[in-house]
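Notes follow the structure.
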Amino acid sequence: MKRLRYAMVGGGQGAFIGAVHRKAIALDGQIDLVAGALSSSADKAKASGRELGLADDRNHGSWEALLADELKRPAGERIDFVSIVTPNHMHYPVALAFAQAGIHVVCDKPLVHTSEQAQHLAAAVEKSRTVFGVTYNYTGYPMVREARDLVRKGAIGEVRKVIVEYNQGWLATKLEGGDNKQADWRTDPARSGMAGAIGDIGSHAENLAATVTGLELESICADLTTFVPGRQLDDDGNLLLRYTNGARGVLIASQIEVGCENDFRLRVFGSTGTLDWRQEDPNYLVHSPIDGPRRILTRGSPWLGEAAKLATRLPTGHPEAFIEAFANVYLGVAAHIRALQAGKNPDPLTADYPTLADGARGVRFIEKTVQSAGSTQKWTRL
Amino acid sequence: MKRLRYAMVGGGQGAFIGAVHRKAIALDGQIDLVAGALSSSADKAKASGRELGLADDRNHGSWEALLADELKRPAGERIDFVSIVTPNHMHYPVALAFAQAGIHVVCDKPLVHTSEQAQHLAAAVEKSRTVFGVTYNYTGYPMVREARDLVRKGAIGEVRKVIVEYNQGWLATKLEGGDNKQADWRTDPARSGMAGAIGDIGSHAENLAATVTGLELESICADLTTFVPGRQLDDDGNLLLRYTNGARGVLIASQIEVGCENDFRLRVFGSTGTLDWRQEDPNYLVHSPIDGPRRILTRGSPWLGEAAKLATRLPTGHPEAFIEAFANVYLGVAAHIRALQAGKNPDPLTADYPTLADGARGVRFIEKTVQSAGSTQKWTRL
Amino acid sequence: MKRLRYAMVGGGQGAFIGAVHRKAIALDGQIDLVAGALSSSADKAKASGRELGLADDRNHGSWEALLADELKRPAGERIDFVSIVTPNHMHYPVALAFAQAGIHVVCDKPLVHTSEQAQHLAAAVEKSRTVFGVTYNYTGYPMVREARDLVRKGAIGEVRKVIVEYNQGWLATKLEGGDNKQADWRTDPARSGMAGAIGDIGSHAENLAATVTGLELESICADLTTFVPGRQLDDDGNLLLRYTNGARGVLIASQIEVGCENDFRLRVFGSTGTLDWRQEDPNYLVHSPIDGPRRILTRGSPWLGEAAKLATRLPTGHPEAFIEAFANVYLGVAAHIRALQAGKNPDPLTADYPTLADGARGVRFIEKTVQSAGSTQKWTRL
Amino acid sequence: MKRLRYAMVGGGQGAFIGAVHRKAIALDGQIDLVAGALSSSADKAKASGRELGLADDRNHGSWEALLADELKRPAGERIDFVSIVTPNHMHYPVALAFAQAGIHVVCDKPLVHTSEQAQHLAAAVEKSRTVFGVTYNYTGYPMVREARDLVRKGAIGEVRKVIVEYNQGWLATKLEGGDNKQADWRTDPARSGMAGAIGDIGSHAENLAATVTGLELESICADLTTFVPGRQLDDDGNLLLRYTNGARGVLIASQIEVGCENDFRLRVFGSTGTLDWRQEDPNYLVHSPIDGPRRILTRGSPWLGEAAKLATRLPTGHPEAFIEAFANVYLGVAAHIRALQAGKNPDPLTADYPTLADGARGVRFIEKTVQSAGSTQKWTRL
């Protein structure tokens, strides 16, 4: 299998998620980091690239320089895709420029700041026919894919209700304005966007529920609160959900729930069964059929579906976790890129990753949540 | 300690909760069943009483006959209280009559059908100065009392958020209209009241959150749904909550969540800690302080507060459960009655039980939930 | 159903387990305490009886007086059985005397101090044809009975291995010699017998494994240790087990495992499935079949066997616990007594309780464990 | 940080653990695979190497060819270490040859087949002063290192008891002799060594207990069984343990416990506290102090020790798992190699990995277990 090459934008010294992306990409030995513009500060970008062993001529001080350099290189040398892991406000210009230049993109979430940006980006991607993945990384977990399969196969009947909650506590006090770079930009509207917790983790919750159930939201009623004095964005959000098929739901996203680490849980209740998955215990999926005892499905078991099996590296009981799930998203993008490079149609089973459409829907969800929780204080159609 | 005597109204053959009340009352050997009107059918009432060993002259075919008979008896023979465990629609007339007659009352929840009824009942109770307990039985669990204590002591700082969920699945299909007596009356507006799941179990959720946090609801936004075709009342309810102190909350009560048994859980998030309690694993309370690792508090431990200790019968690791919690509510009422009989003020530590005020607040909560979820479809003040 | 009458020997003020027996017996309203000799101290016995509301003429200062008085009473007034809840050393004389007098007996475990005593007692019981139950209370749990049923039905194939562990930590320091009455007698050879942890809780482990698997021990290899300086009996025991069918096992019983409360767990591994039950979470039984996902069986479910259903009072999710399991043992004895009184053969489904044979086998187990761990230091045949 | 280069011996097509080693090594982007002899079949070796992108001149058909080639290369090109991931019987010749040639070695466990081999190997390593790591991978888990730290710091007092169990079920039926390459060699004495389950996973159990407690075994009493007809080696082992400090223990290692996946658990009971860690839920360590409630320590928390912190990549709640633990062992070896290359003493905090001494002790443990369970059938000194 041909190794792919990628460049990274963002993710330099002091960043958190960039290093996670790199480890995830490195894990399976199929994709190599060959270029980068790792920080908005040129000096820090170059220092970071040197640390990572980038060749000097591919270690850039700005994403514009990276892009210009890539476009000058012969096809055989050029990166296969760019991975954008900057704070949110830089997603749009960088993703747009690379997509317009015909370079495949993987971009972190939330995708962009507004639905208008999302539409422009979608138009550019459609025109250039580039692959575009969005790192809703939790969808890469094998047991999430099993849950999606079970819903599609009708194993729980018609979906009636969804409870999705993303409970964190790390922002229960005012960390921003100090040394915590993560807290800083994630609570800053200029960089994070119009929403805090809802944008940062509520968007994951929306995506996970949509991915697993396949349902479309019809309307929402949101309550957003900022509990920590001096904070500029919401740090707690609670929503009632109505889906177009008549299903109901609750979405909780909070960063002030003390003691909650990364307690992301999805429950999907159907007419004949229920699925329950927790990110902090990700190798298991609990399936409660209406006519028998609860079943604990474990990653790696022979009775799981193809999607879960393909996303699995280790036998049951040998836990896989966050980085492997992240890696699965990249493997999905890579499968798509390889198919295109081979002139083939991508196989949906392997080219399995969150797309631009997921990203755009997520942006709209954030906008509507803020609208519902704002002056209107009521049910808002999506 | 003087043994008390009680009569039961309702709870005859085929009933569910009446037998639970009787076992709970019997458990500690302090309170004896001496009279009853155990069914609305005179024949079934008497047959039930015989089964339970009631003396013929105290085994009545109607609650009116029971009351009349008791009032004729000398004080030394009369019951110390009546326990009302009928379907909901009978709570009001029976409770009112006994209270007006000066007999102490324990009544199941939800208390009555309307706030107007609740007010009349409150007036009667205030006039007759009777003890009046409402069997919000979950508040009898030792670790619920510990949670209440910890909140009061400031162990988690100021309460910012509450998530209370009561997940059941037993009504995921249409059981009413068949042999299931429980399903039958609980889904019948004439007997159950204006609400289904919200009345039956949402009221427990409201009460548990209020008991532990001591907070007052300012407004709610509710979504009630009936998923099962042909059902007359809601079988799923989801609410956003706002408290007068600025705290926020989510309340979930559902009876169509397949596979959920009696999954009643309360999480209280404060500025410096979090409490998490689950009814299906009731001997533990999880306390997550902001400045240290999660702590698993177990019933029976020496480091718990007085209220939890008083509510405990067995050492740690020897589980107590549902019936013991129920029994604790009755012991609380009994302590109040004994204090009155001894001419003393009740000790709040022992005379610890949900009161008429809890019951009345619960009725109002149901009314406002139905209102919010109805034509208004919006936030509704309590 | 006719109410039964019982007398209690032991269980007075300051005792622990006597009160548990009384609550368990009272729970279902079928059996009344009418007489007692509640302590070896006549004064304390009578004070304890008064507290419990015993009539003066049935509140005795010694078990001999109790027995003599009962034998003088007409049959219609006499107790139906005696419950012996004294420290271990008194089990033998009291049980023997009542059995010889033709009175049914329930006796706490371990039954007696030696196999010789057990044989004498068995002979007396056989002669008098009395019912004799031993309160290996953990076998009263519904999910233990379900496990026994599943093994009998072949649901896990042939049993290959057993791991039974009973982990406690309350004796990790020297509590005896102070105010702790429980620690005092349980570590005193004169009252407790030849073994400490192995006698007190190891005997429960032996019984649970035998009850669920139906297997017979062929030989054991034991290691007994006294960790706490100054203690007279073992406080930690670990055994390798060999069964006559070729199965193997491990038995752990310890009272110095800090932080362990009453962590009693049984795992039974068969050729086609595994069962796992934990006393601290007793409403569930985990069944892992070889050809499908793990199944969580919950008390109260419709797919359980008859024995579990009969032992159940509440619906799924409404937890039952220690006292209910204890009560089930008494209900089993009561069913046997009622059958005899009605001149019928007992129904094994209802007359389900640990018998004298269980008690005698447990005594032998203790003897052989002490022998194996002593000077021989090797595998010892049972 | 200088990237290191390694060669792999074994781990070609169809192998399991080799790919895990490679992923673990790749994860952090510090160590590159540059050469290999990936199978004992020359054809398969080369095909495997091509798949992994090895240069033709470093893709060898035998480990001897690999070694010869490396020794011809200039120092600047040569591998920094070799990773040996063959079936057990090849560990000894390969490791010995590379060590004698002065090349650092990482070797899988169990190290070799006999203590005699281990001694020869140790002598060679001492002479050549090479770094030698053994992939007892479970010691790489951050919470295992935290447990080790807590014991060393005295957080649980003096260790009194150890229960270590490694429960698997995948060999409950006869998989060998068919397509299952793993089952085949692991049950074959010629390739696996003198022991089956005890060698394969019992050795992990021995190592984990020794690593965390620092205790030395004084004697053991073992029972080994082969349950599956036709199998040549034990598939179930149970041991009683005695440590030189007087502590006692139980070690369980089984591969016929149906439904058990990779249920590896260590409990360490000290005089003032207990630690409990489970490999299937590896981000948590349960600490039960004698004087307060149970504490759940989670990977990534600020209150953990340095060793756990250094072994951590992600924040709390973002689970790390099996591959990361494996990677930590390699990072430890790499830190040692880098220190030597820089002419410095290794820092024990970073150069933290299981050594040849661990491997040799493990071999002795297997030998003594087989001896105790064999004709002697008794306690055996180590």
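Letters A, B, C and D mark the chains in the order given here, with residues in each chain numbered from 1 onward.
To be clear about the criterion, a contact is a pair of C-beta atoms (placed from the backbone, for glycine too) under 8 Å apart; a residue touches a chain by one contact, two chains touch by 3 or more.
This is a predicted model, so every value here is computed, not measured.
> Copies subunit B, subunit C: same or different interface, half of numbers shared as the threshold?
At the contact between subunit B and subunit C, which are copies of one sequence, the residues are largely the same (over half shared).
> Looking at A-C and A-D, which pair shares more C-beta contacts?
A-D
> Between subunit A and subunit C, what is the gap in Å from one C-alpha centre to the other?
Distance between chain centres: 55 Å.
> CA centre of subunit A versus CA centre of subunit D: separation in Å?
35
> Could you check subunit B for residues that touch two or more other chains and list them?
Residues 260, 294, 298 of subunit B touch two or more partner chains.
> State the interface residues of subunit A toward subunit D in the complex, per the touch definition above.
1, 3, 16, 19-20, 22-23, 26-29, 33, 51-53, 168, 170, 260-263, 279-283, 298, 300, 313-324
> Spell out the part of subunit C that touches subunit A in their complex, as residue ranges.
Listed in rising order, the residues are 287, 292-298, 301, 303.
> Could you list, by residue number, the parts of subunit A that touch subunit B in their complex?
156, 160-161, 163, 165, 169, 172-173, 221, 223, 225, 227, 236, 238-240, 242, 248-250, 252, 254, 256-260, 267, 269-274, 288-290, 294, 377-379
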